[in-house]
Amino acid sequence: MTGVAESHRKLVTVITESTLERDLERELEALGAGGWTISDARGRGDKGVRASHWGHSANIRVEVVCDTPLAERVLTRLREKYYANYAIVMWVQDVEVLRPDKFR
Amino acid sequence: MPGGLDPIVMFFGLGLLAGALKADLRLPPAIYEFVSTLLLLSIGMKGGIELAAGGGGGLPLQIALTLVLGILLTFLAFFILRGVGRLDRVNAAAVAAHYGSVSVATFAVGVAFLTRAAIPYEPTMPLLLVLLEIPAIVIGILLAKGLRSDTPWGEIAHEVLLGRSVLLLLGGLLIGTVAGAEGLEPVKPLFFDLFKGILAIFLLEMGLIAADHFGGFRRHGLFMVAFALLIPPLFAVIGIGFAALMGLSPGGAILLATLAASASYIAAPAAMRQAVPEANPALSLTASLALTFPFNILVGLPLYQRLVDWLLPA
Amino acid sequence: MPGGLDPIVMFFGLGLLAGALKADLRLPPAIYEFVSTLLLLSIGMKGGIELAAGGGGGLPLQIALTLVLGILLTFLAFFILRGVGRLDRVNAAAVAAHYGSVSVATFAVGVAFLTRAAIPYEPTMPLLLVLLEIPAIVIGILLAKGLRSDTPWGEIAHEVLLGRSVLLLLGGLLIGTVAGAEGLEPVKPLFFDLFKGILAIFLLEMGLIAADHFGGFRRHGLFMVAFALLIPPLFAVIGIGFAALMGLSPGGAILLATLAASASYIAAPAAMRQAVPEANPALSLTASLALTFPFNILVGLPLYQRLVDWLLPA
Amino acid sequence: MPGGLDPIVMFFGLGLLAGALKADLRLPPAIYEFVSTLLLLSIGMKGGIELAAGGGGGLPLQIALTLVLGILLTFLAFFILRGVGRLDRVNAAAVAAHYGSVSVATFAVGVAFLTRAAIPYEPTMPLLLVLLEIPAIVIGILLAKGLRSDTPWGEIAHEVLLGRSVLLLLGGLLIGTVAGAEGLEPVKPLFFDLFKGILAIFLLEMGLIAADHFGGFRRHGLFMVAFALLIPPLFAVIGIGFAALMGLSPGGAILLATLAASASYIAAPAAMRQAVPEANPALSLTASLALTFPFNILVGLPLYQRLVDWLLPA
Amino acid sequence: MTGVAESHRKLVTVITESTLERDLERELEALGAGGWTISDARGRGDKGVRASHWGHSANIRVEVVCDTPLAERVLTRLREKYYANYAIVMWVQDVEVLRPDKFR
Amino acid sequence: MTGVAESHRKLVTVITESTLERDLERELEALGAGGWTISDARGRGDKGVRASHWGHSANIRVEVVCDTPLAERVLTRLREKYYANYAIVMWVQDVEVLRPDKFR
């Protein structure tokens, strides 16, 4: 995978209830994430169908590109805080980035 | 259909039917927000205009009694849910918060009902609506979690006190009070003339949403159905009692009964999700949206009018 | 411009111009849905109010003839497309379904046209509109696929019969019939007073959408252009014939001619995409949106009025 | 509050308050676009109707002087920003483009203000509004980049000349001119009767947006605050001078003063982002939205009315 | 990639016409997928520009995290059913997940 | 990763200001991309919070599946043109695709 981009990072993707957006942003900030991207989504999972009602999308899709230690901290923290009571799913991938300094 | 149901509830029926048939009639969320913003501002401004015209006597007593009413209804719902329904503490507290609190949509249909019947009501009602929305949520959280220190009260207060409905109602009330009927004449075509049409659109969407929640019944059993249909008339009677204590007019009493009978489906769910995430949100929403809301606008309003005629003879 | 074009078609022109200049005037999809919901309900309710006032004579005959008209137009379009245009069977069937069916937007402009000219029309027209929407789609699918067993008729029926436009039109019709003019007085400001303004906004957006589809012409050749412009007057004449058979008033005949002349761009494309995915959707949409729709509202309506005057003298 | 502020600016206050409290009152973007589309078309059509009624005398002179005014204000702003504020060339040019250009929202509040005070104004004002929007942007880009060949003038022209506001204003103007008051009677309920209500909703959203930008102040220092609050009255006086040269009525002079005093927050930011991406967009937006806009609608309008009374006695 | 999450799964991403949403959900359910996430999208491909009109987004973006056999079945089924006549694109990636049981 | 799909490609994801949408599409076309997918997003990064205002989403999320040389050209070009003055972030991943011919 050489030649395309310089450095390796992790991409953490979180799908969860849209009402958690502010809360999640606070967590990411506290954990030290330098940036993230959020978009609206809907879907289905163990907690049933989540489709958009009343001006709020049902789910959000949060992406954080960061280094491995931060990715681990994010996963651990969100699992502890939300897994028991909220509709939430997370996955992790390898990505290559151009400016590693932007992604701690 | 003079003397009977308001034709606008037929829009609710249309939504319900479309939803039951799984038809794709859903309005975009942006329209739902637009329409509800207009309704909330209208209701607030209407109250404010009347206040400006000098209709706000006896307010401190009304405020105090409204807060007591909110607390009382929540405890009552909680004990029924625990004692009769055998719900666990957390779910009983969450449902109780919904039923102690109020539904602005139900209030709006009540206002349309009174307008149609040409029955006047106190201009302070939108204020009481706001006041009745809040204590149930606080009590509900306390009943669920006790006085634990990790409850994010700051965030919950922010969510509830600065929620859309509270701010738009109070903002409308303030604007109406300051500007008065004459000052608001230029915005009358949007906020007052269109009120019932906008409410019709809103009810169409509410019908669709209610239909979505019917599925929840199968799971939650007969007790919840009975609860959602019997609590409204019971709470309405209590509301009429408080209206008598406040010295409200028949119109005001009908609205207070309607508020007491109504169950929150916006403010309370949001607050409970945040503060009591262990509670099953579908339980409260199904009861509130799919049963109590239709019951109140279809059966409740005319019933509460009769109850007021009977219990509070002029 | 009395006697001439309705000023609201200028909004269509503005949209067309903006679209051609690639200007960013697009309305958000949510607004398109809001505006079309209001129009559909208005049209339905208007018809319902007239029905309640006792205007629905001769309905069974009208219904039967409307269904025949829909089937006839679809077959006619199919044979022209196959015979003259040399389209393959699947594409001919798909385009035929569009032209046998109807466009509600065209109908709305027709209603505005008649209102402006103070020409009355039968209150049953919204119902005939719904009835004319459907058979073409069924025939189109049959022409494309034959009586094959793998056609998902259940899903297609659901899509067509429970589509937005059918449900909102029939729902409005029902509400109007039950509530009557008096009962709907409170929602008049939204649904009736704003009708033309809302239609203007809708036409602005339609202009933008039509402009988007002009590009499709280059690919689809001269035959399709001729088809899209010559079918409307031909079908209008057939529509007038059926109006005579039904004994419609001149206003009703103009509307039936307009419906026959119009081509679907919502219900038919959705159904064809599902049932006949091999057909090229751009072919029908380009013809219907970029040519037939503008032709009907700019040239067609006054033309059909004259044809009715000439063919059905009072 | 007769004689004082228009009640609709209270909606701005409500938005500001809600924004400051970080309350979730935001309207969906789709509603913002719908509401602004209606306002722009209304303003244009209003002007067009008056033009059709024969009110467009002295237009060539007005056009020429408006273009001069736009250029003059931009240079003036630029030299103040460079000389007094010590901003670098690129940022000075970008901010100057915003202040040389205009804000349609401010113009709409000005129109509402004059309507309320029953002061007539020239029907050509919407046209001058469009003309005043553009030169500042061109000059701003030239000041930032010089006559460099890599400036994408084609794209910028497309963006500015075919932007929403220009097209909707000119489109409305044209439709109003062609159709006249009588022809537009059927769309009056939407475009004219609802104007102030729609403007109230718009101002609510503007308050929320302005509140979002207050944070920017800390960074940009005292000079920008002073600039944003002192430029409006200065530019208003210059505007009044040009109004005198054009021979405008007092109402027209108040509107031209308001336009001169206003700062763009839609067209200019978009063009600058594209042509001068090195400039800090927050600098201009903070000044324009969070200070100049509120200043103009709260303090400016009554002030400019007095200035006109004083400087241009009848 | 050890340490961040426990198990490996496949992430199947499908971009296709938004009118296929219900249909696709039915297929995913029939194939046995435990969950999926959908968001609105627009784009360009062999079938031309697909941008949003009339209240419907042009495209949807469907994500399914699942095990390799299910990923294969999803790809095969969608290819058979939609490739010939619809605008559709699919790709597959490796992901790490925390709760493998959630993603069959 | 054999068996699921036939060929390997790169997935380039770009998060940037939504006003750049048209511009970016022109670049992608000029560079020879056969297709791309765009969705709306919001987020936070070095250039601060970017949330949706006034009918425009703050950010867009662009995805391009293509071969390695094109991925490199896309990264290089966007870096040159936008890094200095715009809010922009890019990352690259490996993906498997079914019809390699669709992704140059």
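Quick notes on this one:
Chains: A, B, C, D, E and F, in written order; residue numbering restarts at 1 for each.
FYI, contacts are C-beta pairs under 8 Å (C-beta built on N, C-alpha and C of every residue); 3 or more make two chains touch, one makes a residue touch a chain.
As the structure is a prediction and not an experimental result, all values here were calculated from the model.
The fewest steps needed to get from chain C to chain F, moving only between touching chains, is 2. By the document's definition of touch, common neighbours of chain A and chain E comprise F. Farthest from chain C, judged by the mean position of CA atoms in each chain, is A. Between A-B and E-F, more C-beta contact pairs join the chains of E-F.
For the touching copies chain A and chain F, the fraction of interface residue numbers used by both falls below half; the interface is of the different-residue type. One simple way to say how far apart two chains are is to compare their mean CA positions; for chain C and chain E this gives 36 Å. With centres set at the average Cα position, the gap from chain D to chain E is 47 Å.
Between the Cα centres of chain C and chain D there is a gap of 41 Å.
Shared interface positions of chain E, i.e. residues touching 2 or more other chains, are given as 39-40, 55, 93-94. Multi-chain contact residues of chain B (touching two or more other chains) are listed as 28-31, 33-34, 189, 194.
Every pair of chains meeting the touch criterion is listed here: A-B, A-E, A-F, B-C, B-D, C-D, C-E, D-F, E-F. Partner chain A is touched in their complex by these residues of chain E: 1, 3-5, 9, 11, 25, 34-40, 65, 93-99, 102. Those residues of chain B lying in contact with chain A across their complex are 29-30, 32-33, 209, 212, 266, 270, 273-274, 277-278. Remark: chain F residues 17, 19, 23, 48, 52-57, 84-86 touch chain D in the complex. The residues of chain D lying in touch with chain B in their complex are 1-2, 7-8, 10-11, 14, 17-18, 21-25, 27-31, 34, 112, 115-116, 189, 193-194, 196-198, 200-201. Remark: chain F residues 10, 13, 15, 39-46, 59, 61, 68, 71-72, 75, 79, 83, 89-94 touch chain A in the complex.
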